[in-house]
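Next, two complexes with chain A in common: one pairs it with chain B, the other with chain C.
The block that comes next holds the complex of A and B.
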């Protein structure tokens, strides 16, 4: 372990140190918990605040890492894709944390350290996944990422529905982990090595066993990104867990899954990987159809957003199916746009849920009259998710479709465009509740300060990307071009 | 160095954007009214300073481009945003900044009776307009130009319909919107065609291509004609000119800024900005000259018979815009652009002066005025200065630019349009001094005992608005200083530019005969004399003068039936077509879509049964998916 090795691992080491510190805070605090009075606000916070600061510091530290460096004979790389993904994980975790710091439920105060330790541990797992170019490391990263997520889903165990959802998530997740490791064993059997660089590209004329292994792996990864037909865990999990956590869950683990798909199936293979195009295209199409259609009958906003999130995964898969540098770039751009829009929407859900004690779409009746700014923010998020010009989602969809058209995938783009209209229907259904229906109660929805900060950050992201997408597009293109050179 | 790189031009633009954002986001500030106005005026003042400095830094051939990639695409840039500052765009920027500032100051007095929240709304729109107009002026490419083009159209709509409780204002706003939109469709098509043709939206790149002769000429005429259509709508050329007189339903300061000095000149500016492109298609330029000369004559005739002072000015604006268009069509766009600048100053002056009159007498109608020079001498002086500038007498602003336009059209070889424009010069002086004499010097006609009578039956936007604050008759008086100051600034500017150009008299880029200036000035003086003899001395009876031009007079009163034809066409063709489309839409398209959407919703419901909530089924789903995937990969 030379000093240079350490500097390459700075983000991971920082996260590890942060996890230890948070755990220690928990050990000290649990004995000294003060439950009431004005000090309670502060006293329940140290784990959360430490985590928030730590995430900020780690985010800054990612910029000190020399881009493109690798460790352990190339098993662990800090290339631009890895760093891009890590920054996305950290930023989304920080936004989610701003939301969860304002949660009023007792469990978040009493066992605050546990929650934040799980969050940091999962982040560490994601960081490893984003950098791993070796199968075993990849699997370990996945497990480190997933297990804390199961814990966090079941964090509010007092409500009956929560442990059930967490258990379902755990069982299905375990099945997918089994598939990933099973697929990996085939790949290892053929290649005789676990290094990604030693694995022959999974092409049409490749060894059948290798193709078999890669297919099983793809099914396992399909679970991580919640693509059809591996998506069914998502709505139950989202419905049960706390909104700020769901905001993060709907973004970061999926980003990690996408990074691995890019590394395994697309990177460095170029157009030779055409065999995967129809597979990913069909997955994309089915995912878009299922997500969008099943969102229509939903009456619960979290389930609606869960299905809409599944649909968005479909759109991102369209970008991947293009199997080109621009396709990957536009998928990454889409990921960022989706991060801002989806997290923002879930944070508004948290504000309304705390005030109304309801996740029903009916709780949004007349929100525009009660809290005009909150309703405006929600409208912007919904419009971005729906793909309306001059908010982020429009460029994301346009660019993804563009990349697919360049590859002549007109059918898929047509399907996606038609489904965009379907999507607008259910997004605007919520907008109608907010803007046209009369409120049941006149008083405004209380938005805690930190939650407001997080929502404003998402609004800035959505509007900023919508008005001036250029920096994000160039960033995404730069990241993607390193993979295809 | 700062000034030379376009930063100042950008600052001028962004200051207005800041004012708009502050007023739009800080709703409590906006609802306060006057403080919101001060914020807006402060930004406008800063913007004017930046614009002037930027103008000084961009004389001659100096050009600076400050652009950012807006929509990158693989390997190249699809669209940029930024500023393209050169001599033309910065002087135009200065004009916009100046008139915007003066109008905002003037509005403080003019709209002093407005409720505070709507005053804040007014200033927010004003700032948004100034920002969009500057973005249009400085646009480095067609994409930004088009977006700003639409934004100024939106602001125009919002400000024409500012008193939206009045049905006439709401209707006029709508009319302006959909008629200019007709032209905008042409512009959009033209821009896309040009992009397909040349592969770029960027004006500078396109200009280089045009300079190298690298733009294929085949089909180019269609594209420039489409772009010209946009200008026809915005700059009120026949037959789309009919929206502008109705746009006078907006507050008078709005008319001064948007419908005289800046927005309506956007079409002229667009053609001037792309004159190297239009030079490649002389056939389209010929259309521009003829349409311009015809519109100028038509609207000058119409201006002679209007009784509403703002409508006289509106038709006069159409006529003057057509003057500029004619010069551009003749191939000398510099002359047209010069007239755009001088016209911007003195037409704003005339409109603001008319606003001062309306403010005082609570009526737009000339018969309700008369002998106002005694009560409001300062207004009379500045208004007369404006009228002399418009008539184009030496030592006043319009003198040189009008003469240059006449010379340009003649040098371009368009004899008949030239004759029409000389006639327009005569008519311009006549109708303008008809207003001056009737409003300020002549005795009011019997039965109109002065201003107060009007408040009984007001029928025009500003008048009824002002009448609303108290029907009590009172003597007309000079406007407050917040309104007088802008008037004097504009009047002094008109005289200063007029004197400067008369003394310096720069050589035009074309040869013009020696008899041109006497003809131009002579026809203007003749027009003034005829107006004096008719309306001041009453030596010629106005009624018999009208009778002498019987058919033309009656035609002009009916606006030559153009509005009626449009109305009829709108009723029959458009509404008929709409009904047909509506029927198809309701019974065929909707039917199909209803079935489709019912199926979609049904499919969503059916798919729900897949989501049983049982974890076993979830794992089955995964297993089935995996199986299909395996089979596919193995047998594909």
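The block that comes next holds the complex of A and C.
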């Protein structure tokens, strides 16, 4: 291992160091806690701030990595897709942290080091997944990402619904991991090597075991991104876990799943990848239909956003189904737009839940009169998720459909367009409660400062991408073009 | 015995595990099913490694075994937590989250 190898691994090494530091802070804190001395008060909450600063530093460090480098005989690459994904993971984790730092429940101040250690460990797993071009590394990264997520879901362990949600998430997550690694075993058996570059392209008359393995793998990855029919864990998990964590959970692991799908099924196989078009197109259509239709009857805002999130996974799969450079680029653009819109919506949910003690849609009655700015932010996020012009989601949907039309998938695009109208219905139901219904209580909703910063960051992202999408499109196209050269 | 026999054995074990995951009412039983699924992977990997004369598959197996243990630890911890809070480990009783 030379010095150059280490410079290429800087983001991962930084995250690892950060995880160790956060863990040590926890150890020091708990011993200070016993003493009840002045240290006990000073040490309240440094884990969260350290993590936030560390994530910022790691984000900056990703720009020092030479793009396109590969190490360990090509098993680990820092190409533009990997760095793009890593910046997305880090930015979304930082936004989520701004939200969770304002949580004042006992568990978050007593065991904050545990929570932040799990967060950083999961981030490290995601970074490895984004860069891995080797099956063992991919699997280990996937597990390093998933296992801390189970722990974080069950973090508020005293509440009645939390263990249930965590256990459901765990059982589905591990079963899907078993499917992923079972699929991998066939791919290894046929390729005779665990390097992704040695896997033969998927051909109709190719080895049947390879196609079987790839199909099982796709099913396992479907669980991870919560695509139909593997989506049932998402609403339960989202409902029980704390909103800032859910905001991140609904974005970053999904992004990691998409990166893996791109690496396994598209990158470097050329037109042979078109074998997967029908499968992914059907998956996309079914996911859009289920997500949108199941969202309509929901009375809990977190479940509504969970089902709408499933629908958005379907829209991203539409872009992926095109299996073209523009399709992947538009999917990545969609991913960024979805990150800002969905995280923002969940952060508003946190603000309202903290002041109203309720996740019901009815808690939003008259929000526009009580806290006009918060209601406006929520409206922008909902419009972005719904795909209204001049906010980010509009361009995202337009571009994804465009990429699918280029491949002649008119039926899928028509279905998606119809379902967009359905989606607007349930988003506007929330908007109606905020703007038309009368408030039950007059006093404004209290928004803690840091949470406000996070919401403003999401608003800037949504509106900025909506008014001026060009730089993001260029970035996404540049990332995608490197995969198809 | 050829490679095919081992692959068939692994497929049977995997399917038994999957069947257990889908039909068991006790969460411990579901965990056992998942363990079976993960163990069939090891049979597959070792068989492929043996018949292609390549050690990578065996190294892969070591990793899957370690990760399986980590998962089982987290899973059992969650089951214990569930039992403390709700006094049940039966999947049918997990109905607080619906809709």
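Heads up, the rule we're going with is that the second predicted complex is superposed on the first by the 474 of 485 C-alpha atoms of A that agree within 3 Å, B and C clash if a C-alpha of one lies under 4 Å from a C-alpha of the other, contacts with A are read in each partner's own complex, and residues count from 1 in each chain.
To be clear about the criterion, contacts are C-beta pairs under 8 Å (C-beta built on N, C-alpha and C of every residue); 3 or more make two chains touch, one makes a residue touch a chain.
Quick caveat, the model's predicted, so the values are computed rather than measured.
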item: First, second, both or neither for A:370, with chain B first and chain C second; value: neither
item: Which of chain B and chain C A:86 touches, first, second, both or neither; value: neither
item: Partner chain in contact with A:235 - chain B first, chain C second, else both or neither; value: both
item: First, second, both or neither for A:397, with chain B first and chain C second; value: neither
item: First, second, both or neither for A:407, with chain B first and chain C second; value: neither
item: Touched partner set for A:133, first chain B, second chain C, both or neither; value: neither
item: First, second, both or neither for A:224, with chain B first and chain C second; value: neither
item: First (chain B), second (chain C), both or neither touched by A:254; value: neither
item: Touched partner set for A:433, first chain B, second chain C, both or neither; value: neither
item: Overlap of chain C and chain B interfaces on chain A (superposed complexes); value: 167-168, 171, 175, 179, 235-236, 297
item: For the chain A and chain B complex, residues of the former touching the latter; value: 167-168, 171-172, 175-176, 179, 204, 208, 211-212, 214-216, 218-219, 222-223, 228-230, 232-233, 235-236, 275, 278-279, 282, 290, 293-297, 325-326, 395, 402, 406, 422, 425, 468-470, 473-474, 477
item: Complex contacts: residues of chain C adjacent to chain A; value: 10, 14, 17-18, 21, 27, 30-31, 34, 37-38, 40-41, 44-45, 47-48, 52, 54, 56-57, 59-60, 63-64, 67, 70-71, 74-75, 78-79, 81-82, 85-86, 94, 96-97, 99
item: For the chain B and chain A complex, residues of the former touching the latter; value: 68-74, 81, 597, 600-601, 603-605, 607-608, 610-611, 613, 615, 617-619, 621-622, 624-626, 629-630, 632-634, 636
item: Chain A to chain C touching residues, read off their complex; value: 135-136, 139-140, 143, 147, 150-151, 154, 157-158, 160-168, 170-171, 174-175, 177-179, 181-182, 184-186, 188-189, 192-194, 235-236, 239-240, 297-300, 303
